[in-house]
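Two complexes are shown next, each including subunit A; its partner changes from subunit B in the first to subunit C in the second.
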Partner chain A sequence: MQQINLLLASLPDGILLGFVYGVAAMGLTLIWGVMNVINLSHGPIISLGMFGTYIIFIKLGVNPYLGLFIVAPIGLLLGILIYTVAVHRVINAPHLSSLLATFSVNMIIIGLGTAAFTTSPYNVDFNMGSVTLGSTTLLGTRLIAALASVIATGSLYLFLYRTRPGKYIRAVANNRSAAELMGIPSSRILALSFGLGTMLAAISGALIATFFPFSILSGGGYELKSFVIGVLGGLGNPIGALVGGLALGVLEAIVPAFLETSWVPVIEFGLFILVLLVRPNGLFGAKQ
Partner chain B sequence: MKRTLFNLFALLVVFSLALTACGGGAAPATEAPVVEAPAATDAPAAATEAPVAAPEEVTITVGFTASQTGAQEVSSKRQVNGFNLWMNQVNEAGGLTLSDGTVVKFAAQSYDDESTKERVQELYTRLITEDNADFLISPYSSGLTAAAAVIAEQNGKLMITTGAADDDTYKQGYTGVFQLYTPGSLYLTSTVDMLKTLDPAAKIAIVNESDKFSTAVVGGLKPYAEAAGFEIVLEEAYASDTADFGPIINKIVDSGATVVLGGGHYPDGSTFARQLYERKVGIQFIGILVAPPDSKFSELGDAALGVTGPSQWEGKATHTEEEANGLGIEWFGPSGEEFSAAFEAAYTDKPTYHAAGGYTAGLLLEKAIRDADSVDSEAVKAALDATNIFTFYGGIKFDTSAEAHGLQVGHSMVVIQWQKNEAGELVREVVWPADVATKAPIFPITAP
Partner chain C sequence: MTNWQKHIGIIIPLLVIAGLMLYPTITGKAAARETAFTILKAIALASSLNILLGYTGYVSFGHIVFFGFGGYVGFYLLSSQGMSLWICILAGGVSSGVLAFLLGKAILRLRGAYFALATIGVNEAMRAFINNFDLFGGPTGITLNFKAYLAYGGAAKALEMAFYVVGGLAILAIILSYIIRTSKFGLGLLAIRENEDAAEVMGVFAPDAKTWAYVLSAIIPGMIGVLFFFKNGNVEPHDAFPLHASIELLVMVMLGGQGTVLGPILGAFAYQGMRGYLVTSDFFKDIQLSVSGALLLIIVLFIPAGAVGWLRQRFPILRRVLA
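Take a look at the complex of A and B:
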């Protein structure tokens, strides 16, 4: 009974957090789904999103949610820049080349971030109040972050399925050569896809910064979660990533109710291995 | 095929990143050694008389790694700054003069360990075998120091550790590793002593990071609190990268705890404190490790108010020569005010306990060389074994038993609490021990 009470108290938090995990994972899976590139600069870009919120709120005094409209386009442009400089030339090379290219970008961002911000944690002292429902307390910042995540996911879905550039992206993802034969400018579409992936990473970082302290190294943990979600939820499918994120958030809420909290990563990554072995296409049957 | 490839890469990356995380964080690699050049400072720690005839001058190489990148960068930098300040002061004062007229000066040889144990072991081996370091100072953090201590001991080099509180390193049978910090197992005992005067009936929840240092702290805290008559209603460990403390806080509420003790390092400690505040769960007293003594903790705003933490040294309650005289223990080195002034002049930053620890590591080496009247390793080791001194940083004395050789037994900690001053600004006050307290503790921090 005690465990059930704890579970009921923790579950809403896990779900809210899961939405944000989902947005982070969407960025990673979108890039892989479109161009077969594992973006190892994903974590530091999440961290840059966090610092975006910090600068916008603490230094400029702008509401962090309004700040998303600044962080998102910067994330998009940063992604296009990274693609153009580091990824485009190795896009057709063996996978190891793009892996090393994005890993280099990862190290460059961490190095520059360490020089600019040190590895010391930062905090955005921003409070949106809380709502108490029975034994659970829902923080306003998490509620809004979850809402923003749903809006971001819906917007991405609409973009991919209801706009011409979105259709181009799906066409390039399905068959790049055929898409080029149809006159689709694949290089520009790949750059746009990479930009969208980094934009989602930056948005998730900006939202996380409203409720957790962070450092330039913090994104690494969310990158790890994104890989797990990628396996759980499927590739190139934003809804699958969101569901995978929710699954991970719920798992993080369930485990502490029955076991010591330090077991959470053990269960998480144990599940990761299990899914790879049993359902390599992901729990939610991602589309190929 | 595409899916399988992703899965393979994902698996590889997850494991490699997880391993990196276990090592304390990834960072760019650099191998260039840093040889510290003396900088202009005043107020030498212990100026020596100039020799009459041209003396023989020897330069002692002190080797250490610094975390210039990675998770330990900030604390490590402060520690190294403290050590370099000591070294510069001694060198600029003309060095140490031994009874045979030999003048001893110091040079630091250091590398970036990237906050990883693997690099620490590689670089300490290099410091000993290629750079011929005469003495070693530890890196920052218990985990990195444990990795370095093995290398030092295997190669018969003396190492003074600072920024490394975990007890286990000193219970491995080592004979050449000497700890400056109060051991981890005693970190929260002062807090328990204070709590006994505030609320002897408090119900304690112990919530700690599951790393080496924090586990050692809790290992000492639990029996001490129980012996003091407190009821421990919850014991919970969490992984180092935990960011969401919601489920743990729900457990704390469910346990009926009125006091939370534990934490780990800055990132998790500050996150935990913030979430305890945001959820307004009615905890009356919070004592957490490492994070509260850091000046950045005030960035939490009202979430910092009332939070306490143990500190190895505080400028506001620095130890004095009078205190040493009262205890009948030899005083050595500058006063706390002199140290703080010199540090601020050199680095335009107020010294933290990390900096004080770095400085005192050098001070201790100086004292041991003076007492040994030699730079011979065995003689200096014997002097360290016999050390029983008081400095601005506090008492320094080592366990010399075979079971825990080198463990610090002479140093005690103070407890700080974030309070608001008359202007409404958050300030760090010393609240325990009562005889050095600058303010009375705020208790309870929320209405019961």
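Take a look at the complex of A and C:
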């Protein structure tokens, strides 16, 4: 009975967090789906998103949710810059090259970030009240973050399926050379996709910063979570990432009711390896 | 061609190691031994990784898991069971080899980036598991009783001995790397790197060859792990499985030239040297990570074959000397 109460208390929270995790993973999996590059600079960009909220809210005094409209375009431009400088030259090289190229971007950002913000934790004290439903209490910041995540996912879906650049992205993801033959400027589309991926990472970081403390290094943990989610939902399937995010959020809420919290990563990464081996296209059967 | 000319490719690497092992005695400074220890450790680890990465073409992002796991097993035997260091080092190597064999059977079926992701998962899962494993001390790890050093003539002597042992292991790693590189087995691995399906058609039984490459690349990191924790006197999950150390190893191999015997040695040398310089320099110490990152980016973008690979492409005559 006690466990059920505990579950009822933690499950809604887990689900809300899952939406935010989903957005982070969506950025990673979008880039993988379009250009077969695993973006190892994903974590530091999430951290930059967190510091975006910090600067916008604490230093400039703007509401963090309005701040999303500043963080997002900066994330997009940063992604396009990273693609142009670091990724474009190695896009057709073996995987090791693109992994190391994005990792070097990771090092550059962490190095500059450490010089600017040090590695000590920051906290954005932002309160949106809370909602009580029976025995569970939901924090307002998490509710809004989940809502923003759903909106971000919906917009991405509309963009990919209803607009011309979105269709270009899907065409390039499907078959780059055929898309080029149809007159699609593939380099620009790849840069745009990379930018969208980093934009989603920055948005998720900005949302996480409203309810968790963070440092320049904390993006790394969310990057690892994004890998797990991406694999659960099917790498290269942005919408599957949201489902994978929910699955991870629920898992993180359920496991502590039965085992110690420190077992959560064991189960997460165990599941991750298992899914990679058994269903490399994701639990929910994304078609390649 | 006389016999030594045929094996000139191994002579240069061995000379480098010998120089490094003599360096502290020549300068007579204790700090020099510490520097040389770090470089020798990096050489041994990078050369081991090169067997999988350079020869077989599988990118492992979690190779440090063998360092940590072997180190933990050996260190546990050393501190809790009181076994001798030599047996513990062997045990560390064997346990890492067995782990690699079992893992290899499972995850080497994955190719390309999927394999790379799986190795990250293995490293993180192992770290999280050890964190909960009470036999190995959980999150606080194991600390060696200071008395254990008495069997090796006190702490100072033990540290000096550890230095020569790490040199020996580095030599072992290089000889292993050279033997594989010049053997038929190694040729099979190179074929897998170029095109796995074609290699299978040509009669290379890829699953076995890959698994053995994985095992061979895991044994020496396990032994190094035991030695390193013995030298430090304690082990914690956080120190044993640092994901960034795996990536540093990749950088070293790339820097020097993947798939060559000399490459990882040069890479380890250059990377550790550069890092040592950046961390201590007044101008760079705050942004040393960014500077390393920028250098790495330049190498990946413009010299993907690494230093040795570039020299071999540019000056064909060097191909005989630089294996």
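Some observations on this one:
By definition in this document, the second predicted complex is superposed on the first by the 288 of 288 C-alpha atoms of A that agree within 3 Å, B and C clash if a C-alpha of one lies under 4 Å from a C-alpha of the other, contacts with A are read in each partner's own complex, and residues count from 1 in each chain.
Note that in this section a residue touches a chain if its C-beta (ideal position, glycine included) is under 8 Å from a C-beta of that chain, and two chains touch if they have at least 3 such contacts.
Please read all numbers here as calculations on a predicted model, not as lab measurements.
In the three-chain model built by superposing on subunit A, subunit B clashes with subunit C.
Shared-chain residue A:G270: touches subunit C; no touch with subunit B. Within the superposed three-chain model, A:P280 lies in touch with subunit B and with subunit C [touch as defined at top].
Once the two complexes are laid over each other on the shared chain, residue contacts for A:G111 go to subunit B and to subunit C alike. In the superposition on chain A, A:A93 makes contact with subunit C only, not with subunit B.
In the superposed model, A:L192 makes contact with neither subunit B nor subunit C.
Of the two partner chains, subunit C is the only one that A:A101 touches; subunit B does not reach it. Contacts of A:L48 after superposition: neither subunit B nor subunit C is touched.
Within the superposed three-chain model, A:V23 lies out of touch with both subunit B and subunit C [touch as defined at top]. Of the two partner chains, neither subunit B nor subunit C is touched by A:L246. More residues of subunit A lie in touch with B than with the remaining chain of the pair subunit B and subunit C.
Aligning on the C-alpha atoms of chain A brings subunit B into conflict with subunit C at a single listed stretch, 150-158, out of 42-50, 78-86 or 150-158. In the superposition on chain A, the residues of subunit A touched by subunit B in one structure and by subunit C in the other are 32, 36, 38, 95, 99, 107, 110-111, 114, 220, 224, 227-228, 231, 235, 260, 262, 264-265, 269, 272-273, 276, 280.
Considering their complex, residues 2-7, 9-11, 13-14, 17-18, 20-21, 25-28, 69-74, 115, 210, 236-239, 241-244, 246-248, 250-251, 253-254, 266-267, 270-271, 274, 278-281, 296, 299-301, 303 of subunit B touch subunit A.
Those residues of subunit C that touch subunit A in the shared complex are 53, 57, 59, 61, 106-107, 109-110, 112-114, 116-118, 120-122, 124-125, 127-129, 131-132, 139, 243, 247, 250-251, 254, 258, 286-294, 296-297, 300-301, 304. Put simply, subunit A touches subunit C in their complex at residues 32, 36, 38, 85-86, 89-90, 93-97, 99-101, 103-112, 114-115, 220, 224, 227-228, 231, 235, 260, 262-266, 268-270, 272-273, 276-277, 280. Those residues of subunit A that touch subunit B in the shared complex are 2, 5-6, 9-10, 13-14, 17, 32, 36, 38, 40, 95, 99, 107, 110-111, 114, 118-123, 125, 127, 130, 135-137, 139, 208, 211-213, 215, 217-218, 220-221, 223-224, 227-228, 230-231, 235, 252-253, 255-257, 260-262, 264-265, 269, 272-273, 276, 280-281, 286, 288.
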